[in-house]
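Order of writing sets the chain letters: A, B, C and D. Residues in each chain are counted from 1.
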Amino acid sequence: MNDISREPQGIGSVPELAVSQWFNTETPFTLAGLLGRPVLIHAFQMLCPGCVAHGTPQAERAHRLFRNTDLQVIGVHTVFEHHAAMTPVSLEAFIHEYRLTFPIGVDQPGAKSPMPVSMERFQMRGTPTSILIGRDGTIRHHGFGQEEDMALGAMISSALSEARPTTISA
Amino acid sequence: MNDISREPQGIGSVPELAVSQWFNTETPFTLAGLLGRPVLIHAFQMLCPGCVAHGTPQAERAHRLFRNTDLQVIGVHTVFEHHAAMTPVSLEAFIHEYRLTFPIGVDQPGAKSPMPVSMERFQMRGTPTSILIGRDGTIRHHGFGQEEDMALGAMISSALSEARPTTISA
Amino acid sequence: MNDISREPQGIGSVPELAVSQWFNTETPFTLAGLLGRPVLIHAFQMLCPGCVAHGTPQAERAHRLFRNTDLQVIGVHTVFEHHAAMTPVSLEAFIHEYRLTFPIGVDQPGAKSPMPVSMERFQMRGTPTSILIGRDGTIRHHGFGQEEDMALGAMISSALSEARPTTISA
Amino acid sequence: MNDISREPQGIGSVPELAVSQWFNTETPFTLAGLLGRPVLIHAFQMLCPGCVAHGTPQAERAHRLFRNTDLQVIGVHTVFEHHAAMTPVSLEAFIHEYRLTFPIGVDQPGAKSPMPVSMERFQMRGTPTSILIGRDGTIRHHGFGQEEDMALGAMISSALSEARPTTISA
């Protein structure tokens, strides 16, 4: 019971992110704070070839394409293997070299598991994982592996077009 | 005046297609008949490298991705150069070899111009051209050249989410 | 017997090309006339997707890369299906639109078979086919389908480095 | 003078590699020990996007394509920026994740310069750099940036076809 209560409460069915360090943003993000806006989470590892070739450039494209909307793209560096190889120092150079501009959080290492905390909470199967959260704080899409750009664009657009829930109080 | 009156009336600001022959459909399409549904027009030439490499496969992807919606994807073979090289006989083989499954109409040859009739009516600048028409029969997007999949997916999704105009009477 | 004797004699084990029309060259080529030089034959059809995406651009790259050697790249348009769709008129537009600069011959239509004459003589299985002929007029490589650029570059270089046979008399 | 004399002597005009740690090989390589065989050196950094997308996969292709020849492909991890981000620990995970099978040496860090020793000796301009060394120990190609597969295949083949110098004594 305590264990659970110590976890920050997510929004509806969505758990909260656990991030130990942020890049590309001066203020940390929480999903609770983003309630009312669609959020695209791109979970990746910097040494995951499928992330580098497809997922991460796709997240950057989404960040740029929807920059005039209230979509928030968030990268989460979910290291579940080769932990010593993918430290925040290495990630920072990766972000610089690949010219990534969207906010990226380092997933908080797991206490007893190689899997980090956010990855565990969202029950991700691996990297890359794309999660789209609607304005009402519910998960609209939770996909593992390569996503088609056209399908992702359609899902994001659909999430953007939804009315902001009236039950949200700021 | 007469010249204009002889042209079939389009819907709102959208002119009508002029198609001499259809492939991949048993019944011809008209934009008037599609009023109330979003329509994606992919104008191409079978010997246009940018169409073959990008535009035409993209139209096929849109056709497949949105097959459970009421979007209608329509290809228009708008031959404005090398007319003898891109006859309907050649187009038919092209459609077969590239495994295209969306309906494709042959744009009606122009009487006095190398530019075919639909291409002229829509004032296209070349191929490939993508035109997205909303449920209300107005043009939402009219783009020449390569389109990003993510942006096109978002535009289609947005057009799909619009309410069917109440002024449409069947 | 007569049938065979009527065929032009090839060089060693290599049959002769049968070409009804040439593009990108003012003088026709024969393999007999090219004896002593390495020859890369790229057999293709203009409506074969694998040719357009891979084989034909690769032949163009070989033509450009080895332009200062005595390698001769020759395209052969070996139409064995959709004959009415891939006439020389269509081929000419294809060559223009895809900016092909290497010499291309139209394979002579077969008298009784849908397969054209050169294709039959070289016992090709389909398109694209790459055939590399050495300075001594023997076949060094006969491959169907996609070739790796690096392997093709190595084979061509190897053929170029061979000594010109002393038995050749001009 | 002393500075120069302290450097291990290269072969002819080629300096020696300075490697602090090897991966994918049980015994270290020296260029002196490889004299008589062609050597392809692929200098890269694991966080260099052009290396990851083009150069490193190309080196792997060369390693596989020429595996039955006496070509030796050697990777050199020439870290000249973000040193803390690209340690051998990170490199090892990179090699594992990208399924690289050719021998890779860690370039020895420079004493006073951010540029590592081998990189300095070979006067490389950046990464990726491809260096092809002939059987006689002279440099045949020294290229910075993206190489065409076909050209590289031809250069390697040409180096392989050269006679082993008679002056080499084992």
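The rule is simple: contacts are C-beta pairs under 8 Å (C-beta built on N, C-alpha and C of every residue); 3 or more make two chains touch, one makes a residue touch a chain.
Keep in mind that what you see is a predicted model, and the values were worked out from it rather than measured.
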Exercise for review: Could you tell me which chains are in contact with chain A and with chain D alike?
Suggested key: none
**Study point:** Same-site or different-site touching of chain A by its copy chain B, using the half cut
**Key:** same
Revision key, fill the gap. Cα centroid separation, chain A vs chain C, in Å, comes to 53
Point to revise | Chain centre separation (chain C, chain D; CA means) in Å | key: 37
Revision key, fill the gap. By the touch definition above, chain B meets two or more other chains at residues none
**Study point:** Touch-based graph of the chains, sorted into line, ring, star, complete or other
**Key:** ring
Practice item. Going by the contact rule at the top, pick out the chain B residues touching chain C in the complex. Key: 47-49, 52-53, 82, 84-86, 89-90, 92-94, 96-98
Check your understanding: How about chain B: which of its residues touch chain A in the complex?
Key -> 58, 61-62, 65-66, 148-158, 161
